[in-house]
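Comments concern the structure below.
The chains carry the letters A, B, C and D, assigned in the order they are written, with residues numbered from 1 in each.
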Amino acid sequence: MAMVCLTDFEKYAKEHLSKTAWDYFSAGADECYTRDDNLLAYKRIHLRPRVLRDVSESDTRTTVQGTEFSFPVGISTTAYHCLAWHEGETATARAAEALNTCYITSTTSTCSVEEIVAAAPNGYRWFQMVVYQDRRLTEQVVQRVEALGYKALVLTVDMPYLGKRHNNIRNQFKLPPHLQFKNFNGLQKQATVDPKAYITSDPSITWKEVHWLQSITSLPIIIKGILTKEDAVLAVEHSVQGIIVSNHGGRQLDGTLATIDALIEIVDAVKGRIEVYLDGGIRTGSDVLKALALGAKCVFIGRPVVWGLVYKGEEGVREVLQILKDEFRLAMTLSGCRNVAEINRNLIQFSKL
Amino acid sequence: MAMVCLTDFEKYAKEHLSKTAWDYFSAGADECYTRDDNLLAYKRIHLRPRVLRDVSESDTRTTVQGTEFSFPVGISTTAYHCLAWHEGETATARAAEALNTCYITSTTSTCSVEEIVAAAPNGYRWFQMVVYQDRRLTEQVVQRVEALGYKALVLTVDMPYLGKRHNNIRNQFKLPPHLQFKNFNGLQKQATVDPKAYITSDPSITWKEVHWLQSITSLPIIIKGILTKEDAVLAVEHSVQGIIVSNHGGRQLDGTLATIDALIEIVDAVKGRIEVYLDGGIRTGSDVLKALALGAKCVFIGRPVVWGLVYKGEEGVREVLQILKDEFRLAMTLSGCRNVAEINRNLIQFSKL
Amino acid sequence: MAMVCLTDFEKYAKEHLSKTAWDYFSAGADECYTRDDNLLAYKRIHLRPRVLRDVSESDTRTTVQGTEFSFPVGISTTAYHCLAWHEGETATARAAEALNTCYITSTTSTCSVEEIVAAAPNGYRWFQMVVYQDRRLTEQVVQRVEALGYKALVLTVDMPYLGKRHNNIRNQFKLPPHLQFKNFNGLQKQATVDPKAYITSDPSITWKEVHWLQSITSLPIIIKGILTKEDAVLAVEHSVQGIIVSNHGGRQLDGTLATIDALIEIVDAVKGRIEVYLDGGIRTGSDVLKALALGAKCVFIGRPVVWGLVYKGEEGVREVLQILKDEFRLAMTLSGCRNVAEINRNLIQFSKL
Amino acid sequence: MAMVCLTDFEKYAKEHLSKTAWDYFSAGADECYTRDDNLLAYKRIHLRPRVLRDVSESDTRTTVQGTEFSFPVGISTTAYHCLAWHEGETATARAAEALNTCYITSTTSTCSVEEIVAAAPNGYRWFQMVVYQDRRLTEQVVQRVEALGYKALVLTVDMPYLGKRHNNIRNQFKLPPHLQFKNFNGLQKQATVDPKAYITSDPSITWKEVHWLQSITSLPIIIKGILTKEDAVLAVEHSVQGIIVSNHGGRQLDGTLATIDALIEIVDAVKGRIEVYLDGGIRTGSDVLKALALGAKCVFIGRPVVWGLVYKGEEGVREVLQILKDEFRLAMTLSGCRNVAEINRNLIQFSKL
């Protein structure tokens, strides 16, 4: 079967994963309204392509936090890659390195960060984390990834508690015994820490803990999980380096607006003072184009990476990224843009007849 | 089968009730447009969650008519609980007491109010009633429930005549012979009173009868069935203590707007002078959150309580309430609110791209 | 099977008519968009019911062209009733008489106007007609019905040519040989007149022919088939007595707006100078309520009458009318109105959250 | 089977073409959103028909670039007609000639332009082309068609690269070996030219190449593939003779707005200085009417012509055109217009209740 578009990988993954694993990766919270609306929202946004603009040379590169990526799509954080492919996150890391884009490693990866770095020594990576109740543990994690050359910390702020995902509850989902959260090996201080505490944030944290994080690291901090202009302005005021507009793939609070619908008010409020990224619902190159036209500097994909892993590990993820890169280049040129700098809001139809 | 969300109870009830009883409880008027729109309307409303606000401590309690409930969801009035579970309304009352919330007993309960009070002596209860043509009978009912410690009278005003529910007509639905309207035992004066007259209001009543009711009772009066700002303002002017925005679960006039769509104009018109509640269509914790964000002080659920009864009587209703309480707490904290006082209209997205 | 609502009659008719006859009656033009939107449009309009208004006495009567009807629903013109029931239009006429409402007889009835009048001598009737190329024939028709006591002429203006109804073409639909257009027996002068010419209007007619019609009759003239404020104003200026907002049940120009969507601009333009009626898509009492709230003085039903005929002839049509009358009374009282004079635009929700 | 409307031909073609050929002709880019929305958009636009305007004489003729057509529907450019019918484009040309309308011949026709002209010597034709990297080749093509009496050049500007059509990729679609691009026989200079280069434009071209084209031909130039007012204004400023509002039938950039939704801003920007045409989604006469009401001077159809070819070659295309002509005449007269000059924006309902 030819893998032509990202949904081909989705079909493959659904057929080849166990029901429990498929349910885990595809889960949305509650009624899955937000998970699904993340995709549908793109279909409600229409493009206004321009013509006759010499698109013989096209350049999909972008710069994120001062570093050049080959195209404006990175790999968002998802957990448990060993559930999808035996090599787990090391395969993901090699694919991201091969495509020269960013890989946001999950704290709850099933390979250790050392293994990940060893697998793709030249890859550009950010580290997704939460602030634990045990601040010493948090600090150790930060020091560990900083030492390994991670380029930024992505602080997840929409997970003070775990979202309610029906099928995971029905399946009594848990990590199989042969897999572990390797990033905590040798680190933890408190014997009493609940495994679940590795996933969710200390629910008490506020912007004060962002300051604390800034005090213990020299890495840039990116806040992941902002959906309002109010929080975006606070992010700017608290001197973080970026925002990922995200609703956690619809896995946390069901009923939030789609990320692409939240983007524009955030971009308008931030006024270019920091970079704004987005994840959730990206499935085609024209989705990427729409997100950039509405002001995202870069977008990140989650589930499609897992599908790629299920298909063929590193090679599968590379295929997923390459398809999206090719589609993005095609959408960009067919809309009359030669490079990401030429993509702007005029490409979007705001009202119709 | 794990009962994870309220629709699990709905499926169970549909499978275990007789068709006639299921049709009775699930009925909507005419084409059932309003019954269904009550639910769909929530899906059209999008949330704007806030982050990094210390939600380590969360408090779902609220105060209704000066009394504290454990969370802002009460049990709305539905009839004939003995059709759903052999213990009928006594089971419902015990569940409401256990969860420390309000139970609005229906006049047409199949247990007597005395039995209900005896079953859950510490429960907080309101009594749903209509004004009968026979005012003396009406007065006797009021005196009876006032003496039993009911805390308010909920006057149903949207039922001067019975709505047209197709399947009830096709099934020639009536209460089975072993069940009765026990609240009228020993009360009625007029031998000629039609049994149907226990359900529907005297269609002639106006705000004048509200005054009359105020003159014969010291209980607060809550008007149930208001859908417009005009009537809400009249309610304030006639010194009632609260309003339940309701379309009778879509069982009366088909084609009315959904209750959540009616709420905002009523809240704006009432300007906080009296408390505004709502019923209809609440199925998840985020529905509760949306209703509170739009100004409801508390919401009430009807059919889900019946489903809980069908499942396991008192225990089933407790499960239903507990699920909704947990979901509401989660939705509240995931939206950045620590307590109901922090829930406000900023949580709602009013327009999109 | 209990006949509870109008769609019950539709199901019955579909099962009992030949495919060709069913296709004829149910036909819409082209893609049937307008036929279907006539119904769907009502579902997009929401009611704002009022409460506590003493609806113990309710009165569904209305006055149309100075004559009292028992409720604001008349029988619109449809052809070929003998295809639906052996007694044809005589059965329809008796039902309309029994319910004390208006019956707009079609020119292309399969009973003669004399038979119709004889069958229901006390019925109130209007006569639907077109202006033929043969003005003498037209005049003879007018004189014939005027002499028979018809109370108004309903001039169809949306049928200069026959709409394109796919299934009628596929079925090569024509009137069966045992049926005829009896209203032309003994009248026609020109042997060359094409039978099709009995149905469609002379396409050349303009408001000038309306003047001509006024010159040959003392009957009020109602224009049927107006969908714009511009034509409504012209109707007023040309001194006709009424307008039927109609798109011919979606059988003529596909893609027009639904009649209920066209109504409001027409009512606003007419400013009460003449009466405005409507047909198309009425299936429930709340549809009638919405049309009256938006300014229609009376509505007319077409296909449901045919379904009633198929079911049980006169009795079936009476059942259809009675159901609609009961539903309208219920919707009126449940919205807080005692009579048609109290129905107004405040019952309609014009915008939502 | 009676062929009543254009979708009848679509069903026939789907049943009789090979899957690969059907997939080729029906293909849309990516998720086919735009391909499908081109049709759906017409259903969202409502007509306001006028009555009593003497439509006894109706005239569907229009004038395009100073030449009279029998009705405002031409044949848009589609490739590979020999895949649909053994006589290919010669059959299409004869049908267009018979109906006296315009046939835009595709550069990638499977009959040569000489064969096409010979088959229908009196037909009115435009030639669809792109500017190749090999300007000498381009010039030879232009000279060839100019010499043959083609009346305008239609420059496709939305195809700097080929759109991504999933099924064509899956099917590894290519022209069967017995067919060829006959228009390049004897012309090409560069042995290295990739066959794909015959289809797509030199992606480097800008309005400068439009000037160059004007310098080598005396034919009018029509720009095909404009979707924005900005590019429409540029077209006027660069002295072209017309615009075809087109998204290439949804085969190029998926996610663009439907052509009928793009039309109005273009018409408003062009202000009548040049003629504006449209293709995409036209399936009925009322679609044509809506496009003209919104300002198109003429519309063009693509896939329906192919379906007609599959059905019966020239005769099938004639049937398709005749049906659309009859439907357009009917829609025009039923909306109260006698000729295309009377069609205007007042026919369109811009907002509803």
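Methods note: a contact is a pair of C-beta atoms (placed from the backbone, for glycine too) under 8 Å apart; a residue touches a chain by one contact, two chains touch by 3 or more.
Just so it is clear, the structure is predicted and the values come from calculations on it, not from any experiment.
S.K.: Which chains are in contact with both chain C and chain D?
M.R.: Touching chain C as well as chain D, we find no chain at all.
S.K.: If I average the CA coordinates per chain, which chain comes out farthest from chain D?
M.R.: The chain lying farthest from chain D is B.
S.K.: For chain B superposed on chain C via Cα atoms, how large is the rotation, as a multiple of 5°?
M.R.: Between chain B and chain C, the superposition angle is 90 degrees.
S.K.: Please decide if copies chain A and chain B contact each other with the same set of residue positions, more than half shared, or with different positions, and reply same or different.
M.R.: Different residues, largely: of all residue numbers at this interface, under half are found in both copies.
S.K.: How far is the middle of chain A from the middle of chain B, if each middle is the mean of its Cα atoms, in Å?
M.R.: The mean C-alpha positions of chain A and chain B differ by 42 Å.
S.K.: From the mean C-alpha coordinate of chain B to that of chain D, what's the distance rounded to whole Å?
M.R.: Taking the mean C-alpha position of each chain, the two centres sit 60 Å apart.
S.K.: Name the residues of chain A that each touch 2 or more other chains.
M.R.: Touching at least two other chains: 45.
S.K.: Dump the list of chain pairs that touch, please.
M.R.: Pairs of chains that touch one another: A-B, A-D, B-C, C-D.
S.K.: Give every residue of chain B touching chain C within the complex, in rising order.
M.R.: Residue positions touching the partner: 30-31, 33, 44-45, 157-158, 160-161, 163-164, 166, 169-170, 202-207, 209-210, 223, 225-228, 230-231, 234, 252-257, 260-262, 264, 294, 350.
S.K.: Sort out for me which residues of chain A touch chain D in the complex.
M.R.: Residues in contact with chain D: 2, 4-5, 42-43, 45-56, 284-286, 289-290, 327, 330-331, 333-335, 346, 349, 352-353.
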